[in-house]
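In what follows, chain A forms one complex with chain B and a second complex with chain C.
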Partner chain A sequence: MTVASSSPPTRLPLDGGAKEAERRPRRPLGDGALAALFVAPAMIGFAVFLLWPTLRGIWLSFTRFNLLTPPEWIGLANYERMINDPIFWGSLKVTVEYVFINIGVQTVAALAIAVLLQRLTQSSLLRAVVLTPYLMSNVVAGIVWLWMLDTQLGIGNEIIAAVGIDRIPFLADETWAIPTIAMINVWRHVGYTALLLFAGLQAIPNDMYEAARVDGASEWRMFTRITMPLLRPVLAVVLIMTVIGSFQVFDTVAVTTAGGPANATNVLQYYIYGSAFGRFQFGYASAMSVALLVVLSVITVVQYRITRAGQTDLG
Partner chain B sequence: MATTTAPTGALRPTARRFSFGRAVAWTAMGAIVLITVLPFYWVLRTALSSNPGVAADPTNVLPVDLTTGGFERALGLQSTKEAVAQGGAGGGLDFWRYLLNSIIVSTLITTCQILFSAMAAYAFARLRWRGRNTVFTLFLGGLMVPTIFTLLPNFVLVKELGLIDSLLGIALPTMFMTPFAVFFLRQFFMNIPREVEEAALLDGAGRIRIFFRVMLPMASTPIVTLAVLTYITSWNDYFWPLMVSYSDSSRVLTVALAMFRAQTPQSGFDWSGLMAATLIAALPMLVLFGVFARRIVSSISFTGIK
Partner chain C sequence: MRFRTLAALAGALTLTLTGCAGGDPGGSSSRTVTYWLWDANQLPAYEACAKDFEKQNPDLDVQFTQLGWEDYWTKLTAGFISGTQPDVFTNHIQKFGQFAELKVLEPLDDLGIEDTDYQPGLASNWVAQDGHRYGAPKDWDTVSLFYNKKMVDDAGLSADDLGDLEWNPRDGGSFEKTIAHLTVDKNGRRGDEKGFDKNNVKVYGLATNGAGDGDGQTQWSPFTGSAGWSYTDKKRWGKEYRYDDKTFQSVIAWYFGLAKKGYLAPFTDWNSGLNQSNAQFAAGRAATAFDGAWMISTYAGFKGIDFGTARNPVGPTGKRATMMNGLADSVTKGARNKAGAKKWVAYLASDACQETVGKYGIVFPATPSGTDAAVAAYKKKGIDVSSFTTPVDDRKAYRTFSFPITDYAADVYALMHPAMQDVFGNGASPSRLDETNDQINLLLDQ
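On to the complex of A and B.
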């Protein structure tokens, strides 16, 4: 990085490098052979494990496929079934509910943590502590909270009972299960999100806060007038990333509730997994995956538009 | 990068004075730290308690009836009879094997993915070849496909390749590249001045040699950043290894832990054993974090800056 900042970065023109050719001695064939060698492994990986599976996933959604016999083309039957499948709609509803709670709480909490870190201390120890849960797998986080929130013996309920409120079956109750899982994942991810936002905050010039302070602005005013507007592009990108991640929730559900009670936590990805590996309906599972892909694409585009993620107000 | 600018923050003299607002802010920060850290202590406390002890005194802040029985059960060191007597299911974790499996998978993914992505990134940033922009646009399009979408078809593919229940099968899909890694590293290679490369060319070094001896070392910061994050991600992955592995030979720690949790005895949870297993499964990452905390923390700030 020191090198990059000591001289202006060289840019490749995107239109085929015409200018570059004028400036440098032209080599007749470019670097074709060498480039092929360098790009080959990534290209193979891309084609075999990303491009091909994407196309195949779409194709499989139009078939009946149980993994043992070859896929059989059945047109839109899987999609018709999906539209008439109450469990699918239930899953979608539960997933959306999860995403709302998860992203809502996580974004606000992460923003608060990032601002606290920025305004209070530069301690990297504190940042490390906040990040610790992220180092755990979802499986570990899920099991830890399964214990902490156990109805009979969990410390969470012991505290609730000590205060004199009725014990809450956090993960065993239809209304509590989704918010609880959402909060478990907030616990695991909030530190990481906060550090991404913290990095964004570091890019805001400190003089702005100094100037505002001289003018007698309060912390809250500085937050609403300086921090929020200037953080917006970073916040927008982080939001798009975390929403996409949030929709793919699976691990925590798998280890805490296994979709229950009564499908109350049967999130889309869990239902897809069950259809594919429990009932061997790979075609139907693929159709639901396509639906999720479409939902995610639409949400990403809408979010990108609303938040103007591509533009910056800084400089 | 962002983290090296330390003195910009709270070192203003005005900010050092006590104020009500700052006290509230520090209290909030303290609460956040407690919520983050306390569960880890509670896991340890439970793991060191006996199951009857956990049930009899659920609020004691110290281990009840201090014992290493939980850890012995988690590691499968107790006989089935002994384990059942203490409230376990009799099954344990073949910990060292799963640990080794996790290490092999994560190391394989991280090493290959970063090397291949860096090579491609270099070709996109610095080499001139026909179709470069088309291929790069294609790669960028890959960013739009959520990983989860490719899991089912990739499972079918890995099955066709006969690699189900193998470590290679787990590593394969992410071993070659991720669009993000290519995109991220390309940015850095583009920012390295051409003069550096030209000087090496004049000295008679070949392009391959330049890549390995000049470009890679110069990009070591972003490469380490990416490597650390890739390692954490592949280590913590559960969904894909769950699909692919069926037996001990390819079971990684996350899958093993979830299995241990599923073997709950009829009589109720073996909380002490389960917490011991959880702690054991979490330990490698906690150790890694203990060693590389600063690096990891600054890594995340680093990738945050686009």
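On to the complex of A and C.
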């Protein structure tokens, strides 16, 4: 995430403005030039690390390229292959399934946690505790959950077996694997998402709740009539960001299931990675990356429009 | 509004992209030869070799890097791309085809490697289709049946019983009967007893090592091999895979069918990272496990478990079978110190080094004298390795075969890995492999 901030240029007179002007006869930089100066580092970074790789990636998607020999232009062949590749469509399907479960559960849970944090407690310790899973690296979280959920050796299944229920192959069965990975990532990200929403809630003026309470509104009514409408822009931005992140799930899959069983968790990013670094098909991998970029762009614009993320009902 | 939409798009773009970091230059000088290997068990043995080598070549210094199997190949690939590859690395036949294709290996024709200096077949596997040699044989391994002595005793069986099994894809023969007998459910009933509960098995007769991808090395290959099936139309660099073969598919159906009967641990019990067959064996969850010779010291290290190894069962061809695989040392094309690297590889492939390695008793070196040293070292540790060495010594009773060596090996893996999991994990019919086989052969046809 990039946060661009600007502040009005200020001049700090060191020892008298007039004196300084005498010493420096040239005109000070205009606002535009100064702004450009401030923006330049970010723009250069954007161009070098984002814009150029993206453009190059798009170009590579029209080539056959194994990274070790020069790319060879093959036109739309990679895209043709993609359209006819059942594994690609399967990957897209499991990715969408993952995003639905992950974002659905995560957003509802995060919203609940955020509201509870705001309405019930002032404890900053509790706020910190909610965030702790986020402090763990994705890979570590994945491995820990993999151990805990292992069908035979995992403590989770030991408990399930002790209760008398059949062991559940959480990460080894095609029906369970995607929901399990989605839930592992909910566990890790829900606190962070809750914190973002909590920040949004803090911006809602308290007098609205007071007025509603005077009018005899219930807690639920205040939630639906005050909290939700006023939180909408924040919620929308959070959704856009988490959906983008969710579509790019990779590390948890890589350490828990490696795309299996069969292709049940072969999410798009994992398939792209395997094509590029396992099979050295960088051209095809680039084409699929471009497809992912297009999908995400469309989803982002649609989300942005539907949720009117740029407007607020406040004030 | 338009600007904001654009900003949101830019955000999407930003988050879509991933970066990668460069590697370290490795700090090599003209004296240094960098050497990578994945097996931590073997590190001390090769370090001992390096010591002797450095004594003979005071101008050279071998620098070791040991990485776990998965990281090893990822880092090696990244190294080839970024130019931070080692001078010399331990190579696996499964990866050889791809590396040869990508032209990242240095020819080793001038090392004077002779087929006859090594155990049969080991040296010739490392000659690519262009006729050049890209690897110097380092070691070899076969697959055999590890068994838990106590469990076998408790079942009223002997070591001889386990070494004299035969099987066929129709009823599984005495092999299936034996592993059924070794299977125990939670009520203490054996797999061949009435009332056996296949859904609540406490000890499986046979541990699972997953679906086996396209090679089935420690899974189904002892069976497909002794049924007479071969991976491809030619011994090396074939153009056609045979996963559509009816014999192959009938063996696969029988083998994975053992899991449905409750004798073989199911696919869901397996995890490539933490729950391979040796872990199931160590946890007392399985009475036997097919595993490779490179795992002998791992099994020997399991506390409280006394193990034995048995020869693979005799198949429909009247022979026993095992894959015989061999690793090699390869020099990279981008090696900074090519002359030093080749010297080191020549030494690694020599009797002197292989005997040193053999004395550690952790792996079978490729030269006959190295192998003898290893057998003696295992014996000293009280481990009988004859079921691993017999395939090499007794060609009449045993058929040995190599990993499939073809072009597009990475693609074959990428296609077969999920396809076999689909058969084992999801119960798909083995005839579905026809389609996968067509896709593979289409690639090889290009």
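Note that the second predicted complex is superposed on the first by the 272 of 315 C-alpha atoms of A that agree within 3 Å, B and C clash if a C-alpha of one lies under 4 Å from a C-alpha of the other, contacts with A are read in each partner's own complex, and residues count from 1 in each chain.
As a convention for this text, contacts are C-beta pairs under 8 Å (C-beta built on N, C-alpha and C of every residue); 3 or more make two chains touch, one makes a residue touch a chain.
Predicted, not measured: the structure shown is a model, and the values here were computed from it.
When chain A is checked against chain B and against chain C, the one touching more of its residues turns out to be B.
Using the contact criterion defined above for the overlaid structures, shared-chain residue A:Leu195 touches chain B, although it does not reach chain C. Looking at the shared chain after the overlay, A:Ser137 reaches chain B, while chain C stays out of its contact range. Of the two partner chains, neither chain B nor chain C is touched by A:Ile306.
In the superposition on chain A, A:Phe280 contacts chain C only, with no contact to chain B.
Applying the stated contact rule after C-alpha superposition, one finds that A:Pro169 touches chain C and leaves chain B untouched.
In the superposition on chain A, contact is made by A:Asn266 with chain C only, not with chain B. Once the two complexes are laid over each other on the shared chain, residue contacts for A:Thr151 go to chain C alone; chain B is not touched.
In the superposition on chain A, A:Ala211 contacts neither chain B nor chain C.
Looking at the shared chain after the overlay, A:Ser124 reaches chain B, while chain C stays out of its contact range. Touched by chain B in one complex and by chain C in the other are residues 1, 49-50, 53-54, 57, 67, 143, 146-147, 150, 152-153, 244, 248, 255, 277, 289, 292-293, 296-297, 300 of chain A.
Listing the residues of chain A that touch chain C in their complex gives 1-2, 49-50, 53-54, 57, 66-69, 143, 146-147, 150-153, 166, 169, 171-174, 240-241, 244-245, 248, 255, 258-263, 266, 274-275, 277-280, 289, 292-293, 296-297, 300-301, 304-305, 309-310.
Per the touch definition, chain A reaches chain B in the complex via residues 1, 3-4, 7, 9-12, 14, 16-17, 20, 30-32, 34-36, 38-39, 41-46, 48-54, 56-57, 60, 67, 112-113, 116-122, 124-140, 143-148, 150, 152-155, 158, 162, 187, 191-192, 195-200, 202-203, 206, 210, 213, 219, 234, 237, 244, 247-248, 250-251, 254-255, 269, 272-273, 276-277, 282, 285-286, 289-290, 292-293, 296-297, 300. Contact residues of chain B toward chain A in the complex are 1-3, 5-12, 14-15, 21-22, 25-26, 28-29, 32-33, 35-37, 39-40, 42-43, 46, 54-55, 58-59, 112, 116-117, 119-120, 122-125, 127-130, 132-133, 135, 138-139, 142, 144-150, 152-157, 159, 172-177, 179, 182, 188, 190-196, 207-208, 211, 218, 221, 232, 235-239, 242-243, 253-254, 257-258, 261, 269, 271, 274-275, 278, 281-282, 285-286, 288-289, 293-294, 296-298, 300-306. Put simply, chain C touches chain A in their complex at residues 1, 4-5, 8-9, 11-19, 74, 77-78, 80-81, 98, 102-104, 199, 267-275, 279-280, 283, 285, 410-411, 413-414, 417-419, 421-422, 425-426, 428.
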